[in-house]
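For reference, chains read A, B and C in written order, and residue numbers begin at 1 within each chain.
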Amino acid sequence: MGNCCQYMGPQKNTYVRVSLPAVCFVWQIAMVILFGVFIRYDKESDTHWVEHKKHENLTDLDNDFYFRYPSFQDVHVMIFVGFGFLMTFLKRYSYGGVGFNFLIASFGLQWALLMQGWFHSPDPATGKIYIGVESLINADFCCAGSLIAFGALLGKVSPVQTMVVTLFGFTLFAVEEYIILDLLHCRDAGGSMVIHCFGGYYGLAISWMLYRPNLHQSKNLHGSIYHSDLFAMIGTLFLWMFWPSFNSAITDHGDGQHRAAINTYIALASSVLTAVAISSLAHKKGKLDMVHIQNATLAGGVAMGTAAEFMITPYGALIVGFCMGIISTFGYLFITPFLEKYLKLQDTCGVHNLHAVPGMLGGFIGAIVAAAASTEVYSEEGLINTFDFEGKYANRGVGTQGGYQAAGTCVSIAFGLVGGALVGLILKFPIWGDPADDNCFDDEAYWELPEEEEDILPPVLEYNNHMINKQDIAESNFTMEET
Amino acid sequence: MGNCCQYMGPQKNTYVRVSLPAVCFVWQIAMVILFGVFIRYDKESDTHWVEHKKHENLTDLDNDFYFRYPSFQDVHVMIFVGFGFLMTFLKRYSYGGVGFNFLIASFGLQWALLMQGWFHSPDPATGKIYIGVESLINADFCCAGSLIAFGALLGKVSPVQTMVVTLFGFTLFAVEEYIILDLLHCRDAGGSMVIHCFGGYYGLAISWMLYRPNLHQSKNLHGSIYHSDLFAMIGTLFLWMFWPSFNSAITDHGDGQHRAAINTYIALASSVLTAVAISSLAHKKGKLDMVHIQNATLAGGVAMGTAAEFMITPYGALIVGFCMGIISTFGYLFITPFLEKYLKLQDTCGVHNLHAVPGMLGGFIGAIVAAAASTEVYSEEGLINTFDFEGKYANRGVGTQGGYQAAGTCVSIAFGLVGGALVGLILKFPIWGDPADDNCFDDEAYWELPEEEEDILPPVLEYNNHMINKQDIAESNFTMEET
Amino acid sequence: MGNCCQYMGPQKNTYVRVSLPAVCFVWQIAMVILFGVFIRYDKESDTHWVEHKKHENLTDLDNDFYFRYPSFQDVHVMIFVGFGFLMTFLKRYSYGGVGFNFLIASFGLQWALLMQGWFHSPDPATGKIYIGVESLINADFCCAGSLIAFGALLGKVSPVQTMVVTLFGFTLFAVEEYIILDLLHCRDAGGSMVIHCFGGYYGLAISWMLYRPNLHQSKNLHGSIYHSDLFAMIGTLFLWMFWPSFNSAITDHGDGQHRAAINTYIALASSVLTAVAISSLAHKKGKLDMVHIQNATLAGGVAMGTAAEFMITPYGALIVGFCMGIISTFGYLFITPFLEKYLKLQDTCGVHNLHAVPGMLGGFIGAIVAAAASTEVYSEEGLINTFDFEGKYANRGVGTQGGYQAAGTCVSIAFGLVGGALVGLILKFPIWGDPADDNCFDDEAYWELPEEEEDILPPVLEYNNHMINKQDIAESNFTMEET
């Protein structure tokens, strides 16, 4: 593979021996310094908790660790195995899919702890950021946004570029999240707006800026093989199974977490059936397409990100999943090719159909469900509790809340599109070591690849009871050709 | 692959473009309507819980979510990744294994929420079904039954047929479970009887009805390849690791969950060693067979499904696992070939050896352990608590309980065999788009397959320092043949 | 593959049809007997707990099950899927990697329950061992030690030898753990010393004793292929994601578990970036090496094993991860080849760089952090609580504690080296059925392998619109060669 590429014509320089280590070191050292200055254990993870516990007459279980840690681990699996393996579907870019995902998320979660801390919870007296298990979940959530963007760029960018996408992506994320959750006081438990909608449009805008007119030159690698699709199914299933944990990880203790998990579970089940139905309907012989099974089945979870903690009812969750399975599969069938052809937008993983659109719709669904809330259904206290109508928001009505939720969705789209366009501009500089158009979707560019699979076949093949060496076959062929 | 099949002789019509979408849509729409009419959040997942909590002086942690959710997620992984990947072992039916498993379980869990609700817990006043995390676990359990049945049919049925198997399977499951758990008042925490024994015989009976005399025509695809066996090991290990959660997920809070997890953990460890021993002993050179490692190692968990919550003792659990590893491996070595040859029963995954027999034995083991229970070992309250000797069962003795447990096992076998035979009859109609005998175990029938793996090899091979194009080799060969 | 090996010259006898089943049966029967004599449910997993709970006025949640079970399951996944799949990276030893890992751990956890029970917690009155969820975690921890050792030996030993390594490994582990934790009263939550350092040196010493001068004869199988590296990434990621659970699984309830998880999470993130940086820097074109990504990214977790529960600060954790990513990657680049060439030490998985050295350094880091502890940072009670300065250790100072921690690290190295050398001696007897030098890294020796992958290719290929049968090509080639 390596050798042959040298005969495939001119190509851009994918040499990242200086830039990649430099970026990793500089950013990691910056993290060390910033962590040293800003980050501390919060009350519940500090050794002083023993005294605090006695003083407040708490039990060990009152530590938030026991409310959130199992959900945290599920979310963690989604970020690293879920997103990572979902992106192994390309026949020759599986290392890049899972490996760069690993790199992005590992850097990103550190940067997220800082950014989210600065925006949401710095101690007013000391300026320090106090972290606990909920911070870890939020950091992982933050990763999801940039990993979604990476999905649109998969195979077309260098690892250095992914680090740039991550640095800016996390920064933008923290700002838009601050605006949506703190300033507009929206609820967005599973991040339909702040994660999926933002991440999707962010990735699409970058990809649009980085349009490659000659990407067809890498066409032979822009597809899957049998086993790469199976690896991707590992990602799909872990995302699908743990999505109830994703949407419930930071909701209110008690009924909030419980309800969010149930709603997501139900919506996802429904997505699977409609995705299968449309996939089969779209093929002339009724055959299923792995792309739809791997992606569109998840759309119900994306769209429940905002409304999962509300009283959307199990029936409502089912309808959301139902519609999203259809919309997402249609997207893969018609919208992605349309975007590529007419809008010059190349979206490797189809994040438009799995994240951008279902995330946006999820935001609006959340707005509608919020606006339709009533004390009858929620109970007086339940309503206050669910929408956090406390402090200066004590008098906000559900209608107003619905309006703000819708506005929040628009904010996330705007941040995604504008931020993505700017980052895309930065990435157009010819200094990042990205691959040439005929060299995309190929791990060869950034990974030392093992020898070919052929080499595991036995060196000697038996034909008609004679032992022939492969080399002999080759030679005989060759001789013959010359004669 | 697609082309060549056209030359392989006549074949049945695997066209499911109408039937599959129709079934998916009709059933999913039915679910939406039925959920709308019947399903509501239970007390602990409703926003009213905030008030209830105050009223009852509860803490957040008293929400059942915190007792059951981690186990629920483990069970969820078993259903989708465990069963799904275990069924990827066939060389060319991995998509069908993991994909149809996904479809079955996604539809099934919705239907299970309804069926189990109707049978077990409809509100007498309103007729509504109130769901919480325990309902989700039970719905997943219900899936296990039909997925086991699917294991026997793997590669021989169409996706439409799997949906029919699921619809009837879940219905039968709910009825037999109602009879066994409610009417006979059996204990069956991990479902040796209601899940494994029923599911196993249900699948075997269907498979027996659908006997294919010419299945040997698909013989070349009825086996594994190196990497498909590795994918299957993912399934095996997730089933094996999370089985303690499966058997303890719905047992009593506190010691019940604790003990069930320990017993299952121990029994499974023991199964591995005896499965390895028999597998090695059975091969003339002592080599291990992946089929045994993938399946028989799990038999200890199946057989502990009923007794895991009892005081079977760690020593007893070890013996159960010991015997099951042997019995199950023997089954794969001798019983499955025997069944196929003499009883005309084709059992793709060998569910007879992993589910039917260990499940049945697990039921009887449970009966014996129950009958042997004493207040000395259990303590007075412990005995009442473990066997739920309350209300109208307050005076039931342990001997009687043992009898009922044994009777329950027989009920599950009867339901499996009779129900399976009837469903098999229905599936014999020539309307379901199932593959022909020479077309089984082939994803080609229902999946759009990617190009062959060969295509990832470099287009140019270097022999003796000359560059030869593959095409040239082919041409030269061909020319030569003609001359 | 099978046939051709017969022509590859003389080889040792890998016949294990007698020895493997014999070892499995004998050891499993011994377990049954010893469990019968010694092992009982502990207070919280016994049915008597219902009465105990009432008596002590506890709630269901006070059962340790709810504090530890989610972490236990994460650790369980690390042992079986994490270690198992990490060892599938070899192109033709994936079955052995994941399969023997399964066998070792399944036997080992039983033996660990006994050994750890005897050393740590036998009831003084009855001599019984009482087990609960914490015992299961400790048993899994114990497995990690021997699985690390197996990593050094991967592909070069027979399954019977792995069972011997396990038997002695677990015994040595229990003794060194008793000395370090009980006699020296060290703290070692995540086992940098007792697990990683011991396991690493134990494996290296065995491998050194079993040096194979002609191992280069198996060189063609001593590497990975594209998809085997992806399978290994499954192992890497599950280890990486769940390491916070590993290091926090048996720490103090409340802040102890919380802090250990946070510290490990942070350290691991940092390791990824420096491992990537060094890997890229070391390649002439800046390409990444999968070996480093699979292994060195985990080094931060290993090194945090001791200090994770201390107040190392998030900043300190970041620095530890930073350094370990560098050291471990350097190890893979330079130390492993050096050891092989000059010290005659063949270390298949490079456990020297991932476990031995980071574990040792982790022990010393723990010593330093312990010695630097102060009541200012920890609070009076927090200090006592964290270092367990109670009973006869009430007056131990932090400086002394640091000294003992360092001494403990030395004990673990000594046990690993001396124990490993002795076990290596035992394994040199020519009775264990280990493979010959030219037969290493080959599943063929101990596994019944499926047919080659080639067989899934279509039997008919289409060239230039003519249908040619593969067989014809072969024949034509052959004919030609003869003429």
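Heads up, the rule we're going with is that a contact is a pair of C-beta atoms (placed from the backbone, for glycine too) under 8 Å apart; a residue touches a chain by one contact, two chains touch by 3 or more.
Every value quoted in this text rests on a predicted model; they were computed, and no experiment measured them.
Enquirer: Interface check for copies chain A and chain B. Shared numbers divided by all numbers used: above half gives same, below half gives different; which is it?
Expert: Copies use mostly different positions to touch.
Enquirer: To bring chain A onto chain C by a C-alpha fit, how many degrees must it turn, rounded to the nearest 5?
Expert: 120
Enquirer: Distance between chain A and chain B based on Cα centroids, please, to the nearest Å.
Expert: Averaging C-alpha atoms per chain gives centres 30 Å apart.
Enquirer: Among the residues of chain A, which ones contact at least 2 other chains?
Expert: Residue numbers touching two or more other chains: 61, 66, 70, 227, 234, 452-453, 477, 480.
Enquirer: Report the residues of chain B in contact with chain A in the complex, numbered from low to high.
Expert: Of all residues in chain B, those touching chain A are 14-21, 24-25, 27-29, 31-32, 35-36, 39-41, 44-51, 53-54, 59-61, 63-66, 69-70, 73, 76-77, 80-81, 84-85, 88, 94-95, 98-99, 102-103, 106-107, 109-110, 113, 131-133, 136, 159, 227, 231, 234, 433, 445-453, 455-464, 466-468, 472-473, 476-477, 480.
Enquirer: Would you tell me which residues of chain C are touching chain A in their complex?
Expert: Touching chain A: residues 1, 3-4, 7, 61-62, 66-67, 70-71, 74, 91-92, 220, 223-230, 233-234, 237-238, 240-242, 244-245, 253-255, 257-259, 261-262, 265-266, 268-270, 272-274, 276-278, 280-281, 283-290, 293, 297, 311, 313-315, 318-319, 322, 377-383, 385-386, 452-454, 474-475, 477-478, 480-481 of chain C.
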